[in-house]
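Below are two complexes that have chain A in common, paired first with chain B and then with chain C.
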Partner chain A sequence: MRGMWDRETVAALLIAAHLPIAIFWAWFGDAQGAIRLLTAFLVIAIWHLVFMLIRAQPPSLAAITTALAIAILAPEDLGALRLALGVSFGVVMGELVFGGWGRNVVHPASVALSFLGFGFPAFAWPVFDDPVAWAAIAAGTIGIALGVMPPALILGAAIVAAGGAAAGLLATADLYAAGLVLILLVADPVTSPGTTLGRWLGGGLFAALVILFANGWTGAAPVQAGIAAALLTSLAAPLLDEAAIALWVAKRRRRHGRT
Partner chain B sequence: MAAKTDYWDILTGPLIRQNPVTLQILGICSALAVTTSLATALTMSVALTIVLTLAAGIVSVIRRHIPDTIRLIVQIVIVASLVIVIDQVLQAYFAEISRALSVYVGLITTNCLVLGRTEAYARHHRPLPAMVDAFGNGFGYSVILILLGGIREFFGNGALFGVPVLPLADEGGWFTPLSLMLLAPSAFFLLGLLVWALRSLRPEQVEAPEHTPPARAEPAE
Partner chain C sequence: MVFHASGTGLMPDIPSPAEMPGIDEVVTEEAAVQTPAGSELRVTALVREGDFVPRGKPVACLRHQPDICFVAPISGRVARIALDPGSKLSRIVLFREGDARAEHDIRQADTPSGMRRLMQTAGLWPWLRRRPFGGMPRHDERPAAIMVMAADTRPLASDPRRALEGREDDLARGMAALATLTDGPVFLLQSKGLDLVENARDQTRIRKVICGARHPQGAAGIRLHQLCPAGLDTPVWDIHAEDTAALGTLLRTGILPMARLVRIAGPALREARSVRTHFGADLRQLTHRLVAPGPHSVISGSALDGHTAQWLAPRHRQVTVLPRDTGPVQRHWLRAALTRSATGTPAIPTAALSRAFGDTLPVMPFIRALGAGDDETAMKLGVLSLLEEDVALADYILSADGALKAQLRGMLDRIQREFAA
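So, the complex of A and B:
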């Protein structure tokens, strides 16, 4: 590894990009949110420590982004024990068993939030104030400018979501939740597609899934639909990359007669 | 005369060291499907163990008369006959559990664990060792099933065998059931964690890696 771009640089810049959301969320939130954030971060830090001691996996600053995403998007009034259970599951099964941040297939926060959603369906999902949701645009802009968030993915999602909103398929609450989920979970550099075409498709897929869930999934809160869409999008990322690369190879073979 | 058969080894081998579910990953379909409660898991375990033991015995008795070309058909006919008997017994005496198990008793016929043992072991051994091996494998399968069923019912319903153990939040207690435990994915997670724990304790069960990571090269400038 040469130069300044290593894993922790990316993690630190990702935290910087998430700052606008974090600040507005803390400003308009209450003490409960701060407690959730601390609990989530503490649990994640303990698991990172355990895996460092047992499997020599270096801990990562990305723990902070995961904790932030969980604290913002998790169902409310869960209590420390249930939150700790969900966070443990997400971080261990979603990230650490694969070898730590950078090798995971799905975002640990997506796994933790899905676990909490399916495990404790009785708890209410959060709704967001306007400034918190609008801060997602600032966060996305910073992320793209710093080079840690894929612009094609965010633009792809924005185009499809704009189409959906114009067709009257997405309510404001859906748009707010989807925007925050897009920045916090989907635009993660590890679990999003790695090819440009794959990113366009991945963003479009996320927005399309949000539209589908918003209209076809009765009884789902906007945040819940967004998280489900994020999880499925990250699972589809390798497929989209594979398709993009196969397309590139086919095009090259047509042009040059060989690979 | 062959060497003396170590029945104890044949019986206890499949419990943990050669467990059919966690080491050979056989019989997963039913292990995931029927473990939502302890009662169904136990019934399924007993049914499978009986079918497997009897099938192994019968196949072993006629092992010199089974033509090689149609041996699978013969084995499946034997297993299917036993399964039908078990299914009828369950429907007659345990109607409720039989409904809860739905098609999975019938699917014992196609359980790869049963066919695997009759094909790989009973066909080459005398009836007694074959039945001991089949019983050991059935028991190893049962251990995993009952463990999964117990965990899932305990955390999913706060009960064991349908008897409430933890005070539920709906009825004034403190325990909120983890509904995820009653969904199929949780069986995958639990089984995965179980396999992970077993292979951490017994590293000889870990499979050889299929790929070797490439040597880390410095990126070209």
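So, the complex of A and C:
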């Protein structure tokens, strides 16, 4: 007797949730995008194979979501070599050395994209067509409905971002980039906070960082700001969880006199 | 973390053929006395092989707490006493013979200590279970609360309401008797519907808790974690409502009824049934006209938390018959590398996983603490209220093959050793 919610099922459902973004991005994109996706996937697959053979670490379907996030968000016209370098760094140092998907603390795509951004600042970051950005809403809805994306995180980010947009702090391009980054990187169930309160706070923190970077970081492209916010949010996740648990324990202590 | 109660949980879909109407009374030709799961207890046998024992007469008692007895579930002759090294009881097998039954003196039950003694000598004590750590309580332990389980949400479980039909008075009497054993509340966990205990004498102490139909809502540990968490100095007991009603009958008549409603179900059956039988019943006899042809395994308990067994385990009220997979095992190195690595694949937080714990605790920190052996964090998150059966659903949905159960048991054993010293 076995249930279905093992790691690979969740990875497959995450791919399913990302499909709307992938389809619209492929439809409105050019051949360069497809080449980036294939290159990123090939490099990740090779590293998964290496870690399977050397460290007996089972490979994961999550490689596809990582490749998709990198292909969509990476700077344009990098060339295969630079892209492969960035992807290798992100996937190995961000995920595989920790023991594979599920044991990592930061999203490998966040690491890879930050590396590419800092390493090769001369290349332009992508801008997105309206349908691609709007597809993020569909993707988030599917992810929440399937139970593989944390609703509190997405809602927390949406509320703070709506507040920021209403106050005139976020341009449309910022919103588009932040929405895509939110679904592709931040809403990853592994590296986002694990408690409900932590997720509300994490979502809010991501949106607040996006607002901060959009207004205070001169010269940063919207996608670059979003990726930096995503990386910082996943680094803050353990702290937010710890705070949420401390609060939960204190509440129970007050109610029951013990935990 | 929000305690939203009603809708949470899951319903694992385990197929089973339609159930035949009616309830048969079955006393099996053989029966075995066993100690409760999770406890290896040193016992003194009070009978010898070949002796005749009436139903309800003690056949063994604990070596260091001789007032706690194990009684014969059927009237019969002792066939075999199997003790493991160190006088640990493995089982005492009885062959059915006659229909004699032992009576108990109920006058002693007027005082709380007399009530305790009566429960212990009549063989009702092993039907209690304590948390933390599981097993039956010590003979002089005073719990912080008692939970009476009149609901069972495990897949294919029998409905306790059916077992309690017409025994509401005995249940109320049994609950009042349980209330003398504790200073805290006595919870009655029941499904939605008519109240099982209508006019409880002590309204403030006896509290009704409603539970829905999805699984961990009827799991004792999950509910106790919400209502009254168990701690090292505050043990909490749980007992099934049918056993509580049996206590009520014992107090009324002096005879402890052994019959309990057991549901036999599972995908490897031709037809499912409910029978009224006794603990230690021979599962082969219970199932042998019901199973479909082909290899199968008979499980005492539910598909989630049961174990293959020949005898119905103490406290179990369902028998699940599963098909046994005997196909040729195909081993390919690539397949093995993809699926069977030294360290299992980690759990990924999903909505299903938090529902498997009824949304009552921060699941991912708890599972990580279990996996890392972080006793302190796990105790803060409530591991002392939980037993294997409470994490069985999470094990099932993660298809982790009992990894969580093993981690939980290891952690509980470690905490018990540390704090006993």
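Assume the second predicted complex is superposed on the first by the 257 of 259 C-alpha atoms of A that agree within 3 Å, B and C clash if a C-alpha of one lies under 4 Å from a C-alpha of the other, contacts with A are read in each partner's own complex, and residues count from 1 in each chain.
The rule is simple: a contact is a pair of C-beta atoms (placed from the backbone, for glycine too) under 8 Å apart; a residue touches a chain by one contact, two chains touch by 3 or more.
It should be emphasised that the depicted structure is a prediction, and the values quoted were computed from it without experimental measurement.
In the superposition on chain A, contact of A:M93 is made with chain B only, not with chain C.
After overlaying the two complexes on the shared chain, residue contacts for A:R82 are found with chain B alone; chain C is out of touch. Look at A:F118: by the touch rule set out above, it reaches chain B but stays clear of chain C. More chain A residues lie in contact with C than with the other chain of the pair chain B and chain C. Contacts of A:P131 after superposition on the shared chain: neither chain B nor chain C is touched. Applying the stated contact rule after C-alpha superposition, one finds that A:R103 touches chain C and leaves chain B untouched. In the superposition on chain A, A:L197 makes contact with chain C only, not with chain B. Shared contact residues of chain A, touching chain B in one structure and chain C in the other: 2.
For chain C in complex with chain A, the touching residues are 1-2, 12, 14, 228-229, 231, 234, 303-304, 322, 337-339, 341-343, 345-353, 362-365, 379-382, 396-401.
Against chain B, the residues of chain A that register as touching in their complex are 2, 82, 89, 93, 97, 115, 118-122. Across the interface of their complex, chain A is touched by residues 176, 178-181, 183, 189, 192, 196, 218-219 of chain B. Only residues 1-8, 10-11, 52, 56-60, 99-100, 102-103, 147-148, 150, 189-190, 194-197, 241, 244-245, 248-249, 252, 256, 258-259 of chain A touch chain C when the two sit together in their complex.
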